[in-house]
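So, here come the structures, one by one.
What follows is a pair of complexes built around subunit A, which joins subunit B in one and subunit C in the other.
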Partner chain A sequence: MTKKPKVFLFVPYLLWLALFVIIPLFLILYQSFFDIHGQFTFGNIVEYFTSGTYLSMTLSSFFYAFLITLVTLVISYPAAYLLTRLKRKQLWMLLLILPTWINVLLKAYAFIGIFSQSGSVNDFLAFIGVGRQQILFTDASFLLVATYIEIPFMLLPIYNAIEEIHPSYVSASRDLGASQWETFRRVIFPLSLSGVRSGVQAVFIPSLSLFMLTRLIAGNRVITLGTAIEQHFLVTQNWGMGSTIGVVLIIIMVLIMLLTGERKKGAAK
Partner chain B sequence: MKKLTLMAVAVLALSGVLHLASVQLDRAGGATDGNTFYFYNWGDYIDPELLEKFEEETGYRVVYETFDSNEAMYTKVQQGGTAYDLVIPSEYMIDRMIQEDMLMELDHSRIEGMDNLVKDFLDQPFDPGNRYSIPYFWGTLGIVYNETLIDGESLDSWDDLWSPALKESVMLIDGAREVMGLSLQSLGYSLNSTNDQALQEAADKLDGLVPSVKAIVADEIKTYMIQEEASVAVTFSGEAADMMWENEKLHYVLPEEGSNLWFDNMVIPKTAQNPDAAYAFINFMLEPENAAQNADYIGYSTPNEAAMELLPEETISDEQFYPSEETMDRLEVYENLGPEYLGIYNDLFLEFKIQRN
Partner chain C sequence: MAENTIIRFEDVSKRYDEMEVLKSVSFDIERGKFYTLLGPSGCGKTTILNLIAGFTDATNGDILIDGKKVNDVPPNKRKVNTVFQDYALFPHMNVFENIAFGLRIKKMNQKTIEQKVSEALRMMRLEGYANRDISEMSGGQRQRVAIARALVNEPDVLLLDEPLSALDLKLRTEMQYELRELQQRLGITFIFVTHDQEEALAMSDEIFVMKEGEIVQSGTPVDIYDEPINRYVADFIGESNIVEGTMVEDYRVAFGGKVFECVDGGMRPNERVEVVVRPEDLILTSPGRGNLVVKIDTQLFRGVHYEIIGYDEEGNEWMVHSTRRAIVGEQVGLSFEPQDIHVMRFDETEEEFDARIETYTEEGERV
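Moving on, here comes the complex of A and B:
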């Protein structure tokens, strides 16, 4: 390929990037330096790092995002591994991806029905004699629903990474005397790490600022930074503080991308 | 590659056809002529029969759109590009929209039936002299409880929410003004207090409420209370009326310390294309029969005195929805506190929410 058409093909993408990614990012950064009276200030960022409320909110966002990522990873990795070994992979994959076709809010409302006092889970618990339990508005239910929603985003990249490993590597490993476990540990697992990395990024980052679920499923028992951003933009109209939280979130996300990013570019290809 | 091109063409063609169809539908609906009345209202907030009656009487065609929060409505009207002729915001939002010059000043010579309204509901601080808004419905904030789930516990005041017997059973509405307000009122302060010490006291008192709280939610309260997920909830009178309609075990209490008095008023945004239709609608809604029919259908309290006479006796005599004058004196309307104190209220409320973890 020659160089010219390549440059030409990049134009729409660059335009998109500038209009919808770079300019908004700068606007958020710019906005974060203003207080409610429109005066230039560093006060927002100072307040963020000196207020116990925002710091504990950051910690709890982190903690829950970490838990959600961990649980999805523990579930998705074996599932993805098994999937690559199955016949009719496409069908199974379709079944696992199917829930993403449904709107997140709709799923959340469905879970309210399932978990409520008169819901099917409690009906079952009452039937087997355990008695009705409070399931909604607990950490466990929040974790379960968040995990359920995020699983496809973890499963897909891992599945693709494992699927891309050429079978000859596995055959070679077995031929050289490695046991099945050793083959997995020394060949398949290291080669699938790129998928795990993108899966972790795809799950951890959105989980940091989940906010509808925190209200619908956890009844605001779980508070993430997303809750505070929503409040500052909609209720208090303190866009400066809302943007400051946004900037902090963006910095955290960049750090995570750097930490989990691939060291050697294209190593997995 | 050929397949891909074919698919791209198919997608483009399909969206083109759909776009044409939607344009055609808009036209068929007559949405472009000057005979249309764009009405932007809360969801399920008018008897649909009244809209038909209005169309028949006046010849205007009503396009009815709904919103689910004042903030969503504000954003949509403020962004422009909309041509709503009549909107029904709540009092604090009307205050803000007046300050931001988003509302048309009303010409009172074109409005008939102002005399039908209860005098106490006119000339409120958010709109002195009703220069911009006409009352549509009003109500209070209070406590809804399920008689079978609270074991004879008596609930008459905000203070009762702190009772240890209500451990893990109260649902609060997710609003800083509401929750801080009830704490302030339980301490005998005004719910519009801008006294830092009073606010701190109220926030400290809220800490004690943490064990009672089951969840802090919004519109979902209605469903939860009907399904008996929780035994007690703090919610608005109108929402309560809806719940009680669905579940007869529910009761609404107006707390004795006082409460919030809210209004939803009709206003005409500056962006309105057809103010004539808006005036026609305001006059239509001020007619006692129409106001009564609407109140009977929606279950909220009407500000129309003449309409109250047309409502069933049991509705009007219900102290919780049409309180006595003595109780009315203890009700307070939210004042616009300005961004600074609104921020303080919200920060204190956020601190309260975080503690529950």
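Moving on, here comes the complex of A and C:
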């Protein structure tokens, strides 16, 4: 066996990677050094870190991403744990993953229908006598829809991590005197942390740059870095500033990946 | 119930859906002895272990530990600890924390825990390994950690589920000595599950030979080796020559075309029986002096002895273990003593077997 055929198999992906990941990354970096008139400048990055608008936008992006991740985690962990204990877990998992097969935009529009003044939720509220409320374009509705969309990405890695825990660890813990709760706390939860980590990565990072939901569901009341990038490219045509925000976002993402990444030592089995 | 009984099974059966893995089993386990459950995979031996530990529930029957019915007692409330086949050491804890696990659950103070764990480490000759990760330990060391983790809780009974099967031969033999020695020093009951008859014979005070969810025979290693109840046990425990024969009368059995004196009795006259002679009890001699004459068919050198296969004139196969070489194709004599012959009846249960031995054996003759 030579190594040649293996390298050959990698070529299509390598091309893809170069064309759509590596080159665009450099283009963004390059673009971020030009102002709106096409002049080379460091002004964009200086402006980012000195302007209150961008910093508060960064903060609010983090805040919402954190909230979305937290709520998703709180909902997904017990669900994933329960799933591993069910008889037909594959089927249940499929049902929970199913929503990811539908386009995010479609789901967003569906929620507009559900939450709007004449939507089904308000119909129900009117019916029980509470009266119609403003649900759409609130922080709460944004959080709810974002969480709904992200849940499968948190659920799956946690479910897999719990599934991988050998049942004999649970038996051993019980054998050594631990109750079910203690077994969960001392054995199952620590051993499932790798799944939690991947889930947090998979949810937190994309949540930093959500922009469609901020407009459709939050009515631009929530403005994240994603919104800002979109506005710069499509409305103000300030590609340089848009790219700068993009670069900052990428750096933050890499930092988070490093921070939550799997620690090699001790994790091996 | 005898005062010495620590575990009792009363007509315990276990069914998974349609599969009956344990068929109404009853036995007593005494304090301070080394028991072995021996049988092929799927015979129900691990099920018995799981029932004692509390990992599964009995379908029928009662399980008593120390005189108390424990059918509804969860595993964490039983004074029993297990050494698992795959050791099940927690990968997110180091050696110290693995061993300390049970003590931390009991909320002992840090000082007591440290003292007890280091004692356990010393007992299992693991000093200096306390801060190692489990992934850094070898198979034999992991085994020791698993035993230490169980014993540090001072259980009444230690359950061992084929703990030696993952080790290489040399380490396995070493651990056999160590386990036996440990059990005698601590004086607690060990229940050891294995499919390896050598392990069972070497370590046990008492062996339960199992087949298809039933205990076929129980007794000391010597009893079971010398007086297997049927072909299954004789075959499972050690090598044996099993030939068909006829019990002419008490103490006289016919096989291989001749009638021999033996020490068994209590059968009907001229009953069809099976006769067991162990290969190491057969001595090669000249054709004239032997009790039987066989023609040597094959010979294998096994290191400690030659394994020689020959056929008598009736066509029965005889295996001989001899330190002397034989010559393939030659006629040789096989000599053996009356006490080397063991006669087995077809379809005899353990109770019938024991009762029959009572009737014809004088006191103290049975070893």
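To be clear about the criterion, the second predicted complex is superposed on the first by the 246 of 269 C-alpha atoms of A that agree within 3 Å, B and C clash if a C-alpha of one lies under 4 Å from a C-alpha of the other, contacts with A are read in each partner's own complex, and residues count from 1 in each chain.
Everything below uses one rule, namely that a contact is a pair of C-beta atoms (placed from the backbone, for glycine too) under 8 Å apart; a residue touches a chain by one contact, two chains touch by 3 or more.
Being a predicted model, the structure only gives us computed values, none of them experimental.
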item	value
When subunit B and subunit C are modelled together on subunit A, clash or fit	fit
Which of subunit B and subunit C A:187 touches, first, second, both or neither	second
Which of subunit B and subunit C A:228 touches, first, second, both or neither	first
Touched partner set for A:39, first subunit B, second subunit C, both or neither	neither
Partner chain(s) touched by A:118 [first = subunit B, second = subunit C, both, neither]	first
First, second, both or neither for A:219, with subunit B first and subunit C second	first
Which superposed partner A:236 touches (first subunit B, second subunit C, both, neither)	first
Angle at subunit A between subunit B and subunit C, C-alpha centres, nearest 10 degrees	150
Per-residue contact with subunit A, leading partner among subunit C and subunit B	B
Subunit B versus subunit C as contact partner of A:176, first or second or both or neither	second
Partner chain in contact with A:137 - subunit B first, subunit C second, else both or neither	first
Smallest separation in angstrom, by C-alpha atoms, between subunit B and subunit C in the superposition	30
Of all residues in subunit A, those that touch subunit C in their complex	166, 168-169, 171-179, 182, 186-187, 190-191, 265-266, 268-269
Interfacial residue positions of subunit A with respect to subunit B in the complex	36-37, 53, 56-57, 60, 112, 116-118, 134, 136-137, 215-216, 218-223, 227-228, 231, 234-238, 241
In the complex, subunit C residues that touch subunit A	53-55, 74-76, 80-82, 84-86, 88-92, 101-102, 104-106, 133, 135, 149-150, 153
Residues of subunit B that touch subunit A when the two form their complex	69, 71, 168, 171, 174, 176, 214-218, 220, 223-224, 227-229, 339-340, 342-343, 346-347, 350-351, 353-354, 356-357
